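What follows is a set of notes on a single structure, which appears directly below.
By letter and in written order, the chains are A, B, C and D; residue numbering begins at 1 in each of them.
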Amino acid sequence: MAIEKRRATAAEAVAGIGDGATVMLSGFAGAGFANRLVGALRELGPRNLTLVVNSATHRLSNTHELIAAGMVRKVICSAARGHDKSGLSAFEELYKEGRIELEVLPQGTFVESIRAAGAGIPAYFTPTAFGTDLAAGKEVRNFDGRDYVLEKSIPGDAALIRADLADRWGNLTFRHAQMNFGPAMATASKLVVAEVRAFSDTPIPPEQVMLSGVFVDRILVAGA
Amino acid sequence: MAIEKRRATAAEAVAGIGDGATVMLSGFAGAGFANRLVGALRELGPRNLTLVVNSATHRLSNTHELIAAGMVRKVICSAARGHDKSGLSAFEELYKEGRIELEVLPQGTFVESIRAAGAGIPAYFTPTAFGTDLAAGKEVRNFDGRDYVLEKSIPGDAALIRADLADRWGNLTFRHAQMNFGPAMATASKLVVAEVRAFSDTPIPPEQVMLSGVFVDRILVAGA
Amino acid sequence: MKPLNRLQMAWRVGQDIEDGTVVNLGLGMPVGVSDYVPHDYDVVVQSENGIIGVGPLASANAADSDLVDAGSRKVTLRAGATIIDSAASFAMIRGGHIDVTILGAFEVASNGDLANWDNRIPDKGPLVGGAMDLAASARAVWVMMEHNTRKGGPRLLEACTLPLTAVRCVKRVYTDIAVLSVTPQGFLVHEILPGISREELQRRTGAPLTFAPDCKDLVTPDIALPEA
Amino acid sequence: MKPLNRLQMAWRVGQDIEDGTVVNLGLGMPVGVSDYVPHDYDVVVQSENGIIGVGPLASANAADSDLVDAGSRKVTLRAGATIIDSAASFAMIRGGHIDVTILGAFEVASNGDLANWDNRIPDKGPLVGGAMDLAASARAVWVMMEHNTRKGGPRLLEACTLPLTAVRCVKRVYTDIAVLSVTPQGFLVHEILPGISREELQRRTGAPLTFAPDCKDLVTPDIALPEA
């Protein structure tokens, strides 16, 4: 029986993501959002989600739709500020009212903690944020004369990531800066769904694969 | 003034590696040894080196020549056993006599500690080696019911790595399993020298680069 | 009946590999297992030097000294393969992405402790390689080893006497005369070589055995070892 | 003379970028610096979303929504560029592989403390991005900011009043009226805009200033801002 990770519909691709899940969403600076899958997750409608996403508010991502729909209990991110001059983002409205939890991390800590979860490392020391409000309450230790903060890994129940090309083993390529958080999130989550531009009927050549299919469970071919 | 990282001779490529340096050597299982550079290092002849190399004794690497020449004070590795049935390796002879120091690490810890040094992480927790002799004296901590060992990063003064193709920015590609420890060692060392099969006069296409030239200081074109 | 030879042991383990899984095969006997996985299965063989999707050994004229597995064998790549660096490879291992690792061993204890890296040969340097990472973090650790030492002593013990590779990690043990699992109550026997009684198996084992209700004969095809 | 506009500030910083270095340019004013690096220099511009070797902005017909920098600007790649994932990009940053990062700021203290991420706008969510990683780990942190707030208050202080980004990290400050470095003895002035006296500069600064023996005029070409 051959491995075949393609799913026919976005609904099938996100099936099983349930209430209380920690869901990771790729994308940064306008590239790499799996918006088709995010839309399907909104249709599915699980509640009390924790989102792990670089920005709670990026205008080109559909993250805000999950938040506006009241499906999100908590956001772990490095940016939670809307750029819309005309008002507050969906996140900010709920945040102002104390109806959504927020954990802000420096972007490097955010992604290293995700990578750590995928790499079997429960905690690590980093120089980032030492002496700042974002290190408040965290353990500090000095190594060779410099102070570091202990940070914990961030594991996910599901990751919805965007890529360019997939083959039936789930191997992926990424276009340009589309890559960003996708590979790390894929290693850190139990269920990994990739929304791709196109499917390759032949195996992606070994040296062109950017993320091994070992980390990918389901593929949705969504076009450009 | 254009960046040009090529060096004309192996001697120029390793120049400046001095007494007491910590030198990382890539290579595993027969692939990825920078033997031309290792030979040049032996000619250069610095003393009291600490070698960071997966195997102290692999028959296809020239690591043993540095050890036999008495240049090495300490080896950090995951394998220090010769396979030569006819006798002991150069390392084992010195080890038996107590004339060389040895630090053995599980291979995953070995390379994660190198990666950590290159990534600004001074220490991290790993499940590997918990409850074994290789964790003796190391800090142990429980996270979510499982026990982990605290491991420290391993920075290098120099790394001698083998790759396939280089361009003038120092961007590299690797052939097959030649890659192994090279990328991590390159991020962890102050002076990084790559011995390559061939030089590309045009930039290596962005999506084919396997290690950014940001991590590479010198290139020796050594042929196949 | 004769105890299984190493190829028959590999065959027996191969029957338990599931389709679609990611497996890592230790040096020595375990690498032989991939020859006995059903041909229509998509099994991804990971080698800790970074190959994700090891194929059969390379023919002499296709052998490439850069395309080797962690045991320095010249191999091929399977369709769908890729190659990553060692840091990424061990991140994959330590992160729990390997479904099954099959390792050789000197000793296994009834609580699942594994000793497979240091058999205390005088003067020889230590060699741990990736064994500790695999044993600590693969989702399942299966051991493949002869039931007894060359001198006839037990390798399945109440507590290991040799330095440990990892604690409480072994789930199954395939020997030349039995198939066992490690349970909270200790070793549970699932299959015994015909001709060996439960009493004899117990005598040759250094820890108490329990026998599964459906315990059956350990049967494999005849597979001849290659001429030396 | 008029204070420098943001393009003149970028020009001034650009004069101090050395050939062959790896630089990261913060959002806002700092990204403009790359326009003023000598054309024959090989400077690698790193963007924390993973681009190693950002080139000029893309023309309208070459713009690609997947080829963006950390500020969502559609860019091109320079010769010798490559793209890595975010975990690798921040490993590069945190590992000390960025020679210089140029950041905007709200406040800089005379011990080098930097505050550039939280200016306490009511109701707005926090936004830290990669600033803390860059400030903590780039080999050199240079700040580019107006010397005073819109209300005329000082941004160069004995101690920051806003939440810190990193401690003791800033090496140089380029403002619209001066160029300063941060030394163990506090702010040292290297250049002052002609027409501003040392006394006036001190009045507009919230920490004691020392003047370098070779302190000179801050002079840039005329560079007009684009029409709004």
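Going forward, a residue touches a chain if its C-beta (ideal position, glycine included) is under 8 Å from a C-beta of that chain, and two chains touch if they have at least 3 such contacts.
No experiment lies behind these values; they were computed from the predicted model shown.
> Which chains are in contact with both chain B and chain D?
A chain counts here if it touches both chain B and chain D, which gives A.
> Let me spell it out: compute each chain's centre from its C-alpha atoms, then which one is farthest from chain D's centre?
So the chain farthest away from chain D turns out to be C.
> Roughly how far is chain A from chain D, going centre to centre by Cα mean, in whole Å?
Centre-to-centre distance between chain A and chain D: 29 Å.
> Centre to centre, by mean C-alpha position, how many angstrom separate chain A and chain B?
33
> Just curious, how far off is chain D from chain C if you go by their C-alpha centres, in Å?
Each chain's C-alpha centroid was found; their separation is 56 Å.
> What positions in chain C touch 2 or more of the other chains?
In chain C, the residues touching two or more other chains are 83-84, 90-91, 93-94, 137.
> For chain A, give me the residues that contact two or more of the other chains.
Only 112, 115, 119-121, 126-127, 207 qualify.
> Mind listing each pair of touching chains for me?
A-B, A-C, A-D, B-C, B-D
> Along chain D, where are the residues that touch chain B in the complex?
Listed in rising order, the residues are 19-20, 22, 40-42, 44, 46, 52-53, 77, 79-84, 90-97, 137.
> With touch defined as at the start, can you tell me which chain D residues reach chain A in the complex?
Residue positions touching the partner: 47-51, 64-72, 83-87, 90-91, 93-94, 113, 118, 123-133, 136-137, 163-167.
> Which stretch or stretches of chain B touch chain D in the complex?
1-3, 115, 117-121, 167-169, 171, 187-188, 203-204, 206-207, 209, 212-215
> In the complex of these two chains, what residues of chain A are touching chain B?
Its residues touching chain B are 112, 116, 119-127, 141, 143-144, 146, 148, 152, 173, 207-208.
> Please output the residues of chain A touching chain D within their complex, sorted ascending.
Listed in rising order, the residues are 28-32, 54, 56-57, 60, 78-82, 88-89, 91-92, 95-96, 102, 104-109, 111-112, 114-115, 126-134, 174-184.
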